[in-house]
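Same chain, two partners: subunit A is paired with subunit B first, then with subunit C.
This part shows the complex of A and B:
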């Protein structure tokens, strides 16, 4: 039998194809194992999972300090993860276990059974005045709203109404840090990083409960 | 997955696993056999995750992963050396490979009977797409020797499969 000395790449790949048997399920369980091992060895800097919600899929991300990011689908989760890679660390894996608690609390919130979140938050993505604003927001009670001007006052800069708008628009932890409870002084909704429909849905949910 | 805008921007490691996980598992399977491949894959990606932030932005990620996998596979063979000694002509013995699909057992068995360097050269070149000059760095020796190992490996695989299919037709009972 004579063998062609020039080896065609795709032909050899075909020859080796049996190595692919059961590859997909194997990869799936290996990825889960990697996420667990990475947690145990503290090699993972950002864990994330995606949960379903009435306002679309939410990306939840956590560092070892706490929940660092909640992102709406409209923010583009791929871009959000890339931004986390750039600003926090590229050591990012899908690791659902680490966000079990957050996922459960969000679920309870969306079904009207929870009015406050009891989660440890990592505010490293917010600084300065924006951070002041975010730290004030949880004091706006469930079902209530405040105007941008009221929030500016509470955050210590009565004139910084516009900056409050920016702080809300760049809130890294929407829903959990309730920037949706900040509305325009004329009573209209104002903008929302998850879209106006999402803001309306959240306020309607809280008004009904 | 979109590309990075800057040379230093790195995609999240999850995207690396997504993109290269299957190739690395194929390579580990070819080099170690199906059963031990899972552990080598895990060791490879855990190590890679650890080192990932220090990897230069312009590095070839797949080649980097294969380099790590190569070392992890060697560690694996050493750790379990009682059952897997990397010798040039392995003794005839029952294959340690699993039989994930009965019809594919022949190829897996044939791969496991290749001398280690041929097995590695075939895996790194044909499964991971590494150039022979890079494979030579991993295996030692010249690129030409690596190329020969790859070509000889493929030749041996074809021969083994051809022989087996002849055997299978003449005396089916002796083949599993």
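This part shows the complex of A and C:
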């Protein structure tokens, strides 16, 4: 076949476009095979996927020990993956199947149908006092809130109220580990790593359900 | 010249707290080290050890002896110090280059062992940094700078629970200042904010986002 030399750029693009179309499923299936093979040969340490939510795109990442990271868009997903590569393992792959369960539970949560997450979590990114704080947070029931001071007390250091703020601000598993349920003593929202609007949205969702 | 915020203006025209203006060694320490983030285990263990040796003495004394300390404690390599025996303690008690206090020397050895044990829970560095408050003081005068904080009290208790010695709340506040966990430079100091840990207003800097694809 020879190309008509008089074709202009848009016509060439039009000719090539169907090729692109056909490729997408092929790329998706290649990706899936890569992820499956990597897992089978133990060359995949961190699996991730991105899901849509009412509070923006969420990056989910899991190790063989459980969900290790949930990240808001404002945290910068590219940087979050880079940080995971540095701190956990550089063997990271987009592997949506590994996070199917988490994605489904988040979906149910955001549609008001789920009040508790039933997922295995990997807390390796939190240490010391921050870990104490994170381990307490799931005990704050859906639709309820606690003050930073109450959480400080529950985490074993009643006065370290401002360190509770940092622990929440660096929560590696937001939404699933409900740091959004920690608010200021005066009832105002306080800060949130996903932005105050996201915190308001989550608390409103829980109050309505 | 002495401004009324408690600082001293040096010959180079820069204001420093009284403690950092006393001699060139202290001035260099203030200008280049104090408050800069320490995020490696050996560095953190060295700071905890030196702060412990300081208790009751001036920091200038410790700083002048720092090279001798590093030599005596094998660069504060935790494994090496953890292996010290009573014979090593006796040897160190004869070393005029360091602070010869048996309790403090024992504390350095105890803390080396505790540092190694803490690795199972993610390590000393993350442990200490986990007590970082979400905001740092914004002092205008030296009198505004605290000497302890709820977080330093909590850190002190938590480290004691992990087997560390000579880690009182005031010593731990000094540690938090020294390793950058809080920034207590006066607002108009040339060193204010140089650690990069805090935004101008004394709060953790905001993050900006990018998503994939």
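The criterion applied here is as follows: the second predicted complex is superposed on the first by the 181 of 209 C-alpha atoms of A that agree within 3 Å, B and C clash if a C-alpha of one lies under 4 Å from a C-alpha of the other, contacts with A are read in each partner's own complex, and residues count from 1 in each chain.
In this text, contacts are C-beta pairs under 8 Å (C-beta built on N, C-alpha and C of every residue); 3 or more make two chains touch, one makes a residue touch a chain.
Since the model is a prediction, treat every value here as computed from it, not as a measurement.
K.L.:
In the overlaid three-chain picture, which partner chain does A:108 touch, first (subunit B) or second (subunit C), both, or neither?
P.N.:
neither
K.L.:
Output check: A:44 vs subunit B and subunit C. Expected answer is one of first, second, both, neither. What do you get?
P.N.:
first
K.L.:
Of the partners subunit B and subunit C, which touch A:85 in the superposed model: first, second, both, neither?
P.N.:
After superposition on chain A, A:85 lies in contact with subunit B alone.
K.L.:
Tell me which partner A:162 touches in the superposition: subunit B (first), subunit C (second), both or neither.
P.N.:
Once the two structures are laid over each other on A, A:162 reaches subunit C alone.
K.L.:
Applying the touch criterion given at the start, work out whether A:34 contacts subunit B, subunit C, both or neither, answering first, second, both or neither.
P.N.:
After superposing on A, A:34 lies in contact with subunit B but is clear of subunit C.
K.L.:
Quick one: classify A:128 as touching subunit B (first), subunit C (second), both or neither.
P.N.:
After superposing on A, A:128 lies in contact with subunit C but is clear of subunit B.
K.L.:
Does subunit B (first) or subunit C (second) touch A:75, or do both, or does neither?
P.N.:
Touch partner of A:75: subunit C, not subunit B.
K.L.:
Which of the two partners, first being subunit B and second being subunit C, lies in contact with A:64: first, second, both, or neither?
P.N.:
Touch partners of A:64: none, neither subunit B nor subunit C.
K.L.:
In the three-chain superposition, say which chain, subunit B or subunit C, touches more residues of subunit A.
P.N.:
Comparing touch counts on subunit A for subunit B and subunit C gives B.
K.L.:
For subunit A, what residues appear in both contact lists, the one with subunit B and the one with subunit C?
P.N.:
On subunit A, the overlap between the subunit B and subunit C contacts is residues 78, 81.
K.L.:
In their complex, what parts of subunit B are in touch with subunit A?
P.N.:
1-2, 9-15, 17, 21-22, 25-26, 29-30, 34, 38, 41-42, 45-46, 49-50, 52-53, 100-101, 103-105, 107-108, 111, 122, 126-127, 150-151, 154-155, 157-159, 161-162
K.L.:
Over in the complex, which subunit C residues touch subunit A? Could you list them?
P.N.:
So the residues of subunit C touching subunit A come out as 121-123, 126-135, 150-151, 153-155, 157-158, 204, 207-213.
K.L.:
How about subunit A: which of its residues touch subunit B in the complex?
P.N.:
1, 3, 5, 7, 9, 12-13, 15-23, 26-27, 30-31, 33-34, 37-38, 41, 43-44, 46, 48, 78, 81-82, 84-86, 89-94
K.L.:
Using the touch definition up top, name the residues of subunit A that touch subunit C in the complex.
P.N.:
50, 56-57, 59, 72-79, 81, 124, 126-131, 157, 159-163, 165-167, 169, 191, 193
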